[in-house]
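One chain, subunit A, appears in both complexes that follow, with subunit B as partner in the first and subunit C in the second.
Our next item is the complex of A and B:
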């Protein structure tokens, strides 16, 4: 990697001051596992990195709140995976983490980084989006709330300003909702996915009252599939209805082709896996 | 230009001090300043496990971990710290006895990850072993022997604890 400077502020406020809204060569770094790949490939050559690893410890903690979870953005994915509070309030997250990259990466990578990086292949964004999670974002003018659903602007792009940082994620508890995340890896089992589908449903096989269906990896950003959701609501969930839901999802999504599959291949994956994910959610996860 | 930072930490049990450049990763620090080559940068993407290093009790990919991330007082362990001149660690013994390697290139990473696995699950089932070692690749494909080595290492550790 080419040389750069490293600043290590000890507070979130100080970190925000060190960022520059107009300078893309200055970037924040959390665990660094994703950013390092870009730097090694020479895609990103920073002049200065602002490490968030020494900011207040409260941003690395998880707390159960009345209606769900508050997760500090610097919480590692391993801490999230092992949290009893997370397993109780949002077991979909716990299940998702088991197949997210590998243990070494999870030991270092952070929740905030998984979101702010804007990489459509990551597993946590579609899951948090399907769960209806919101973020607290801090910037020079103070804080604002942002739904994870509204975070992504495109391929590796978010709506965050360059001097804004994700401080916390707020995840509503599942309650009686049924949830599943399925991913398709077309290379090795632990490769980045060709498709990720997260589904959170209210209701049962007799009729779905509300649904959030989110696709990622096959698309340029994690995306809610609202026509598939609409197709699912109301009727008895049988093969005919699921076929309609799968078709709606396949038609609605906008695909990107890459080494993990062509557009037409991913469209068929979508058709099949949205059906499977709905079924998995209704059947309940192990 | 990038400023060097001095970090004092513990390396395989011994106190050390290193001058760290911001753009160096942990593998570069261990190889360049301490001559430790057990952790090797191989895939360079955190996928293969050859660069595994234990930092404050947790396995990290040394190729993706900036050396400057080490805190003063951090505890860093590598494969070189597992054995004494007289005795291999139980996991190392198990790998030798089951011939769980061919070329041996990936072995340090496997051995460190198996140590972590057995710390968390002293009596792991096959699913737990596979889950833990998902991020370690052996191009000689000694995976069946590695599974055997983990089971043997678990027995050896228990026997050691009982003795």
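Our next item is the complex of A and C:
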């Protein structure tokens, strides 16, 4: 790792001012767990990092709102994991975090970093996307709302401008919806996923009224599988229907090959795990 | 805390006690010293610029931009090194490795130039500004190709002549073969011709990393009067010899200090960064630290990938009458200890079976990848992977129970091993019996239904300890009666300091906890071959026992001399006071151990005393295979071992579970992915080792044995539990889903592809 300058502004506004829309060597840093990997590998050599560690405390807090949760972007994944409010409103998040990386990483990694990195292998983005979460994004021109679904532009790419910051996430409560996330690893148990599948459903085994199915890791970005969703809606959920849903997902997704698996293999994982995730959601995943 | 340990510290019966590790308090409170965190005043840091091509002639190296970086003191290439060390080649078996790339580069990641700066980040930044031009040469990567390839990694081979057992190596040209070990017994061709069944299979293992928790690190402090190296080494004595040779100095001007190691597993054996650190300190005339990052370890040393062609002939009753083994070891660009791995493991390639007609060829081969060396098992896990898979496949083909087939062919106590050495203190039968009992093998097994299938499998293995090797120890009793042990065994987490102290305590009848074991320092600790191949407890243990007995005998003489009655319990301090008129003097006990050995006869490889002791282990696995995805869950792992008498049962237990866990990683998913010689997953983000969730429920059992020529009946345990894990799991997968995997790792995609291929629906290559 080579030397760089570190700024520690005390407000989000100030942090935005320190960013430069045209200079990729100036970057915000949350927990630094993703950036450091790139810096150690020499893929990213920053001139200046803008740490968000000292910005207003409110961006590190979680609050229950009438219809869900407001989560500050600087909230650590460990705080999210342990929050009673999160467990109550969106237990899928709590369950997901248990197998996300390891406690050392979760203690410092932030919600904003997990989203803004645009890394398709992360577990939180597909879950937030399936839950229909939205973001408050702040930039020099003020704030805008952005659905997590619209955040990702490609492999390690987001639609954020270089001088925009994620300020907070808003997660609707599960309510009567049923949800599951399945992380499929092909290396060690705490490896990054080869495939992540998040499913949020309304209805029951007699018939699904609405569905959001999101795949990640095997794909170049977290992606909603709309033909699989369509295949699921309406009919009685049995083996035949689930097989159709799995096949639709397998055909629809676009895959990337890497050390965690070939394209052909990931397609088969998709076929199986979309099915399993729907069933897990209906059966009430623990 | 201190009082409870004292309470536990009973006098007598030190051997066999689960003494808490002597250094554990220092380690968990962060006080223990490691080379990686050590700093010397005025010290410089080195950062390397590494080759990006697998094989090429160096046309030019441009260091100009690096030199301009503020804070950079030196940018060094081999030309600078040769001004201080004219012949800059080192290595244990061959003097084939240049301190920095010389004329050629031979693997991606080979160090080509080094930047020195007081600030390691400055050095790193500057190293990234170095460029080199190469005339690329065709590379050779595969070990089987390397045998016949016209691409030669080295123009000429230069044997080092260090080891008694490698004295026969000769200079050679136009070959990639560093060593060809042969064993010939009986008449294999004739036996195959008369065999009722012949089976031939080829097994492969992948390239994996030791991944010691503390990366390699060395600090050299060179003065005209002498040089001191602080280094994370498993073999300080060898480092001293090699550094003295490079300098043309007597060994007494070279001092090697080794604090605790954050593990080694064979990666820190012989000589690694020490030669480079020495050269850099000579040039800078300041202490220089060379410390690798985790990522750089992928370019230092790895385990040998291996291709093993194994062929067996059987008579109509299922007795193996002939076995032919051809083993190709992918040694990478520099021989390191590969030739010794090739020979020492090669001799057990036929496994723990009694076979009258045997032919073994074991080849150490140079290739254009990161060098390979010893890794927890010294080559034996690669062999067992093949011969225990082969054994199961034969049993299946003959419709014999795999246990009954093994029993029929088992090499038993008192019978001759393929080398001609009679098997002694090698509990093959007991191990197999215990394993079968614990696995409830005679009971029917539920193979599962639906999409999850269950299976069970086992394996049994033999290893010969590397022989001959020497250990020397000193036990010093001070005037106050306190006792210090000087021994060169590197405690890298295996608990050797504690075990050695237990042996001293046993002989001198004092609590283990009162014995101090000095940190390794070649100025004071005597010679030892190295902490390798499960040899230390046996060899150094003997030396320690002898040194303690020598001290005890002198104390007895001292007592007689000062007029104490036989067996009086006068404190030792009072003996010294009586003898010297005050608290003064020492008693120094010394012990040396080198086992008897008969070198393998040239041509046949036969010897009637090829090893100081045998290691025997077995493993059994039960698995669940998800047939829809290929995921394998090991639901039970039983390890059964013959380790002689346990000096410290708790340390034995952790060695067994540690070794088996490590092998779980090598079995299930660890793999260095290579593309054109470039490691594509050279970081911990993409190269995963097992975490707690990957460790199956394990049962570790040692059978009741006593090593008759061992210190207190003991022998080595560090590697033994690695041997059978891989084939036991592959055999269990075959039992579950009827597919046979011939190459490690057994990752889900590999298993899934095999399942689909068997069903006649092979998965596409996309």
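One rule holds in what follows: the second predicted complex is superposed on the first by the 286 of 286 C-alpha atoms of A that agree within 3 Å, B and C clash if a C-alpha of one lies under 4 Å from a C-alpha of the other, contacts with A are read in each partner's own complex, and residues count from 1 in each chain.
Keep in mind that, in the parts below, a residue touches a chain if its C-beta (ideal position, glycine included) is under 8 Å from a C-beta of that chain, and two chains touch if they have at least 3 such contacts.
Everything numeric in this text was worked out from a predicted model, so none of it was measured.
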Superposed partners subunit B and subunit C on subunit A - clash or fit:
clash
Just subunit B (first), just subunit C (second), both, or neither: which does A:105 touch?
first
Counting only touches as set out at the top, which of subunit B and subunit C does A:262 meet: first, second, both, neither?
second
Quick one: is A:272 in contact with subunit B, with subunit C, with both, or with neither? Answer first, second, both or neither.
second
Is A:240 touching anything from subunit B or subunit C once the two structures are fitted on A? First, second, both or neither.
neither
With the two complexes superposed on chain A, say which partner A:51 touches: subunit B (first), subunit C (second), both, or neither.
first
Going by the contact rule set out at the top, does A:189 touch subunit B (first), subunit C (second), both, or neither?
both
According to the stated criteria, A:42 is in contact with first (subunit B), second (subunit C), both, or neither; which is it?
second
What part of subunit A is shared between its subunit B contacts and its subunit C contacts?
1-3, 37, 40, 102, 189-190
What residues on subunit C touch subunit A, complex-wise?
121-122, 124-125, 128, 293, 295, 628-629, 665, 669, 671, 673, 680-681, 683, 685-686, 688-691, 693-694, 747-749, 752-753, 763-766
Residue ranges of subunit A touching subunit B (in the complex, touch as defined):
1-6, 8, 29, 32-33, 36-37, 39-40, 49, 51, 53, 78, 98, 101-105, 107-108, 189-190
Parts of subunit A lying in touch with subunit C, wherever the complex brings them together:
1-3, 37, 40-42, 102, 184, 186-192, 257, 259, 261-265, 268-269, 272-273
Given the complex, residues on subunit B that touch subunit A span 1-3, 5, 21-23, 25, 44-47, 49, 52, 58-61, 63-66, 68-69, 113, 116, 131-132, 134-135
